[in-house]
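Heads up, the next two complexes both have subunit A, just with different partners, subunit B and then subunit C.
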Partner chain A sequence: MIELLAIGEPDAAAEPPVRAVPSDGVTVLCAEAPEGERTADDLWRREALVERLLETGPLLPVRLGTFVADEDAAAAAVAGRGAELRERLEHVRGAVELSVRIQPAGEPGDLRARATLLAAAEAAHEALAAIARDSVERPGPELLRAAHLVERDAMDRFVGRVRELQHAHPDLAILCTGPWPAYSFAEAR
Partner chain B sequence: MSSTSLANPERDIALVDLLDRLLGGGVVIAGDITLSVADVDLVHVSLRALVSSVEKALPKHE
Partner chain C sequence: MDKILAGPADLGPFAAASEPLGDALSRRINADPENVAQGLAQLVLTIVELLRQLMERQALRRIDSGTLTDDQIERMGSTFMELDRAMTELREQFGLEAEDLNLDLGPLGRLL
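Right after this comes the complex of A and B.
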């Protein structure tokens, strides 16, 4: 069994343990499937493989745990989807994903207090989205959980804006991590 | 982001974001989807992130 890691451009190259399988005008990047249960460390190692591939060109990460029998099956899995996948590769080219989660900084207040915080969180989200090429809200327990597709050149500006917003809103905790491969922008919406 | 560049609290915070992306993001491709993740207590990790502050978690990019 092999696990699909990411979809790259037609000329995407890979170093062992990653294998590059060309198909339908894209490259399926895959590796030998792990045996048994995976730990958090295993997931970080998998992530490191994907991020190394990201250094060479645009990349669409594949949902965790997508296994196929062999390289022929890997090629068949994307056959017919080349045009759609190349369009998504263009969408994420030169950009990375930054995660932003916004939570109340203090004790939970009453409903009116929460509504005020939610409005502030949404305003902060809009300010960050203005810097991003694309943004998407994700489900989560926070006031607001979002992913932003940010051009590499704009990353410093984005992080600077996060710091400014955090400074301006001590009642919010703004949690920003990244850069990540464009997991949240890999599928057309 | 690389886990090796992160101290432990930051790594736990980022693990929430990693899992969110691995499980809810990425291209969905026909295949034999198998999820087998051990020793990752999602609830515990989420609660930890909720009490963390922004200064611990700002990205360490190059």
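Right after this comes the complex of A and C.
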């Protein structure tokens, strides 16, 4: 069993344990699947592999737990989708994913107080989306959870803006994590 | 791996919303013959919880747009509190924790 890690450009290179399988004008990057039940450590190891690949070129990370029998099956998994995947690779080129989660800083309060907080969180989201190449709101237990596709050069500016927004809204708690591979932008929407 | 680029000094507000990775990995809807009622209750309550969160979010947007009277807001507030209490009671009857009311939708992420 091998696990698919990411889709890269046709010339994407990989060093062990990652293998590069060319198919339909893209490269499927994969590795031998770990045996048995997954642990949190396995996930971080996988994340580290994908992040190292990210340093070499644009990447579409594959959803966790995508297994195929062998390299032929890995090639078949993207056959016929090359053009679409190359377009997606262009979309994420030179950019990383930053996650932004916003919660009330203190007790949530009554409905009216929460409505004001949600509006402030959405305004903060818009301000950050203006710096990003692409943004998507995701379902989650927080007041607001979003993923932003941010150009590497704009990362400092983005994080600076997060700090400014946090400073301007002491009633909100804003958490920004990354840089991540473009997990939320790998599929066309 | 340290991935926090910017965040409040106190991460408390996010603690309730994030669970240990191991818990998320082992989460399953329980469909054993003995526990089928609990498994079904978990599924149904998850859907109800989703609707509750959607309704609440919609309500927050309407309140913020200023189209509701104080009286309406007051009534909505009590309704949500009552709903919250009813959900907690049902959960306890079936021995479910708040974090059990969620589903992993694969590529779509977590339901709630």
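Everything that follows uses one rule, which is that the second predicted complex is superposed on the first by the 189 of 189 C-alpha atoms of A that agree within 3 Å, B and C clash if a C-alpha of one lies under 4 Å from a C-alpha of the other, contacts with A are read in each partner's own complex, and residues count from 1 in each chain.
Note that in this section a contact is a pair of C-beta atoms (placed from the backbone, for glycine too) under 8 Å apart; a residue touches a chain by one contact, two chains touch by 3 or more.
All figures in this text were calculated on a predicted structure; none of them were measured in a lab.
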item	value
Which of subunit B and subunit C A:Gln103 touches, first, second, both or neither	both
More subunit A residues in contact - subunit B or subunit C	B
Partner chain in contact with A:Ala130 - subunit B first, subunit C second, else both or neither	neither
Contacts of A:Thr39 with subunit B and subunit C, given as first, second, both or neither	both
Contacts of A:Thr177 with subunit B and subunit C, given as first, second, both or neither	both
Partner chain in contact with A:Glu187 - subunit B first, subunit C second, else both or neither	both
Subunit B and subunit C footprints on subunit A, overlapping residues	37-40, 43-44, 47-48, 63, 98, 101, 103, 105, 138-142, 155, 159, 162-163, 166, 173-180, 187
Subunit C residues within the subunit A interface of the complex	1, 3-8, 10-11, 13-14, 16-17, 20-22, 25, 57, 59-61, 63-64, 73, 76-77, 80, 106-107, 109-112
Subunit B-facing residues of subunit A, complex	1, 4, 7, 36-40, 43-44, 47-48, 51, 60-68, 73, 77-78, 81, 85, 88, 97-99, 101, 103, 105, 138-142, 145, 147, 155, 159, 162-163, 166, 173-180, 183-184, 186-187
Residue numbers on subunit A that touch subunit C, as the complex places them	37-40, 43-44, 47-48, 63, 98, 101, 103-105, 110-112, 114-116, 118-119, 138-142, 155, 159, 162-163, 166, 173-180, 187
In the complex, subunit B residues that touch subunit A	1-3, 13-40, 46, 49-50, 52-54, 57-59, 61
